[in-house]
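Chain lettering (A, B, C and D) follows the sequence in which the chains are written, and residue indices restart at 1 in each chain.
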Amino acid sequence: MITVWNEHVVEGRKPEAARHYPEGMHATIASALGGLGSPVTTATLAQPDHGLPPDVLDATDVLLWWGHSAHDDVSDDVVSRVCERVLEGMGLVALHSAHYSKPFRRLMGTHCMLRWRIAGERETVWTVAPGHPIAAGLPGSFVIPEQEMYGEPFEVPPPEALVFLSGFAGGDVFRSGCCWTRGRGRIFYFSPGHETYPVYHQAEVRRVLVNAVRWAQPSGDR
Amino acid sequence: MITVWNEHVVEGRKPEAARHYPEGMHATIASALGGLGSPVTTATLAQPDHGLPPDVLDATDVLLWWGHSAHDDVSDDVVSRVCERVLEGMGLVALHSAHYSKPFRRLMGTHCMLRWRIAGERETVWTVAPGHPIAAGLPGSFVIPEQEMYGEPFEVPPPEALVFLSGFAGGDVFRSGCCWTRGRGRIFYFSPGHETYPVYHQAEVRRVLVNAVRWAQPSGDR
Amino acid sequence: MITVWNEHVVEGRKPEAARHYPEGMHATIASALGGLGSPVTTATLAQPDHGLPPDVLDATDVLLWWGHSAHDDVSDDVVSRVCERVLEGMGLVALHSAHYSKPFRRLMGTHCMLRWRIAGERETVWTVAPGHPIAAGLPGSFVIPEQEMYGEPFEVPPPEALVFLSGFAGGDVFRSGCCWTRGRGRIFYFSPGHETYPVYHQAEVRRVLVNAVRWAQPSGDR
Amino acid sequence: MITVWNEHVVEGRKPEAARHYPEGMHATIASALGGLGSPVTTATLAQPDHGLPPDVLDATDVLLWWGHSAHDDVSDDVVSRVCERVLEGMGLVALHSAHYSKPFRRLMGTHCMLRWRIAGERETVWTVAPGHPIAAGLPGSFVIPEQEMYGEPFEVPPPEALVFLSGFAGGDVFRSGCCWTRGRGRIFYFSPGHETYPVYHQAEVRRVLVNAVRWAQPSGDR
């Protein structure tokens, strides 16, 4: 099972977010993942256990995580369960501002800070590992017309594989697609995706989500 | 298409090799790969172009390479074509003494020397990356009852992923399952496999071969 | 300043530990580091703030950590300060059973479990990165006559550099010398060093300690 | 001994190169390295053995290489000797268009192609590994006012450490400071440095050269 988690807070506060993601960002992200042959479900902060009780996590092969303004409201118990499941083999795909979420930071062991600027900038995403499964079917580069700038230094452990690099009009650069393993679990961070831009509706971004989920699935006995 | 290349020389010279691999090591290796959904073919040194003319290489998704006593007889033209195809995306699985084959050494950029001792030693293969696709379905460790010892120092670039480590009765250790990328191509080296022992008949080793071929396949547009 | 931290508990409980390390393991470890041109100090669990108040940590360039039976007695405040200092650039050299210490585990983001067996086994330490500064002046391999066996699987993130591999008489293997970075800080884990054997008196081990401290020092403005 | 190799061809053909580097680029590069406590010498293509006979290479601890328009004129014998010395422990610092030099390509095992555009663009160099010795004393980012654009995809094996990333006004990005090891030798590639701009006179670039040489020195018995 694939589970898309979203704090689902900013959509109610920002008109652009509501316009681009009327049913929540989790709904738009989940809609990209229908063709993978696994059931896709969603979960949000306001649900009991944030929608992630033990039985849901136990059944989840890959968890996608989007959070931004409510990181501190996520309970430490849920965070511990998520991290345990990753160590056991569950994949984790951390999206955009999830760089600062509790589970991602705990698994990285660092603060995971970065520089940012909301200026509707043009982001060019470059594939630097063209043979990596997460780059399958993607061009050498693609453009996201308007984005929040995320820039280096990005305080994470050196990624085990660097798949994408982004450049911004202002000369900023960012390691926008990074892979790590923790225990038996595979972790992918992908930075594009601010709530006030229709990033998750863009075909190339949706292809990255599909590839990332496929890559992060536990190998198990397949 | 999966292509298994074997110099096919030692089987005619050593009775134990002939006994364990009466149709050649390539036949035994190829027999492990039937369930992958791709046609499997074999090629040997004595064939024109060593069985690897351009159309065969162009059609090959993953090439497995076994060579030992005839490395120098492989033509540089064929070596160049193999290396080019790897850079374009063909996977390469180098087996046992192929650590010293011309294509592997050229792609590594080092001599790829190691220490060795033929003493029928017990080799224990440990999985050190349990979440890696090449370890799928394998136990934490398995034993090869009799093996040629391959020991550190192994003069290769640091692997991008280390999947297996081997220990020998004599206290020697070896990085026995190593991953690299070169261009768009994925390379896996797996050290078990001396010709005078029935290593390629062992279930765990055959599972590694299957996993390695699956991992090394080009991502293309899948 | 170089600070050697030791829980200093086992020396009072085990006669062999007291015999090999009559002044505490920290004293023996510190005695290896006199030639580095930095002052060397020690700290232990029983001291206020475990001997690591903010001013000591702020002045420490490299912290060596030995702990075994009292990991849980280390206060979370001290652990947080140690981790913060590593992210700011302080080097950390984690020794033997410190694989399971709170600071190391938090910085790794995993449980850091391993297999172990106390049987006075012969450990052979192999240098697999001969050009790495931590291997400077060391032979291709050296033997520790009696050791506690530490074996794979070792549940840590893949090291950024693997310097040493160990083999044991029983066929067990271990990644015994591993490097990581977290923030601006460099971390080295070295597994030899059980308290009931005179490991820290052995010349090769002392050379590793010297090299590791030199490597882990912050680059600063040098 | 530190040896700076330069093909020394473009300085005679391009007025800007002659203006910025009247005594040759090797002279300017060498002038940055005087404070390291090692003798610094230079060598050029036109000298016998390109200035790199066996006794010079044997005495060289770190070789810096600048080449652009005469890669093919470097004899394969000299290339082989350089590569052998790297495997034995000599450091190699490949500068700018040396990405396409024979020794660098042979050691990498790939074509090492990249995209480029000569348009006097502003390059911002970002430090992404702030704790790495090659970043010592450098700011979080610095600007080279006019540069040739070097852009991804850069067809090299994934670097073992990525120290610098560059962004260009046009949205292009590049892994501008990369580390690898081959055998006992350490290799650093640094992309800034086109001959028609005064890049090697800039203080930050000269600091990178100093740090890189210090990092690449063989550990030996120090």
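The rule we apply is simple: a contact is a pair of C-beta atoms (placed from the backbone, for glycine too) under 8 Å apart; a residue touches a chain by one contact, two chains touch by 3 or more.
Everything quoted here is computed from the prediction, not taken from an experiment.
Trainee: Count the C-beta pairs in contact for A-B and for B-C, then report the pair with the higher count.
Mentor: So, comparing the two chain pairs, more contacts are at B-C.
Trainee: Return the distance between the CA-based centres of chain B and chain C, expressed in whole Å.
Mentor: Going by mean C-alpha positions, chain B sits 37 Å from chain C.
Trainee: If you look at chain B, which of its residues touch at least two other chains?
Mentor: In chain B, residues 129-130, 158, 160-161, 181, 183 touch at least two other chains, as defined above.
Trainee: Connecting every touching chain pair, does the picture come out as line, ring, star, complete or other?
Mentor: Its topology is that of a complete graph.
Trainee: Spell out the part of chain B that touches chain C in their complex, as residue ranges.
Mentor: 122, 124, 126-130, 140-141, 151-154, 158, 161-162, 165-169, 171-173, 175
Trainee: For the complex, give me every residue of chain C touching chain A.
Mentor: 83, 87, 106-111, 155, 157-158, 160, 180-183
Trainee: Spell out the residues on chain A that touch chain B in their complex, using ranges where they run on.
Mentor: Within the complex, chain A touches chain B at residues 89, 129-133, 135-137, 160-161, 181, 183-186, 218-222.
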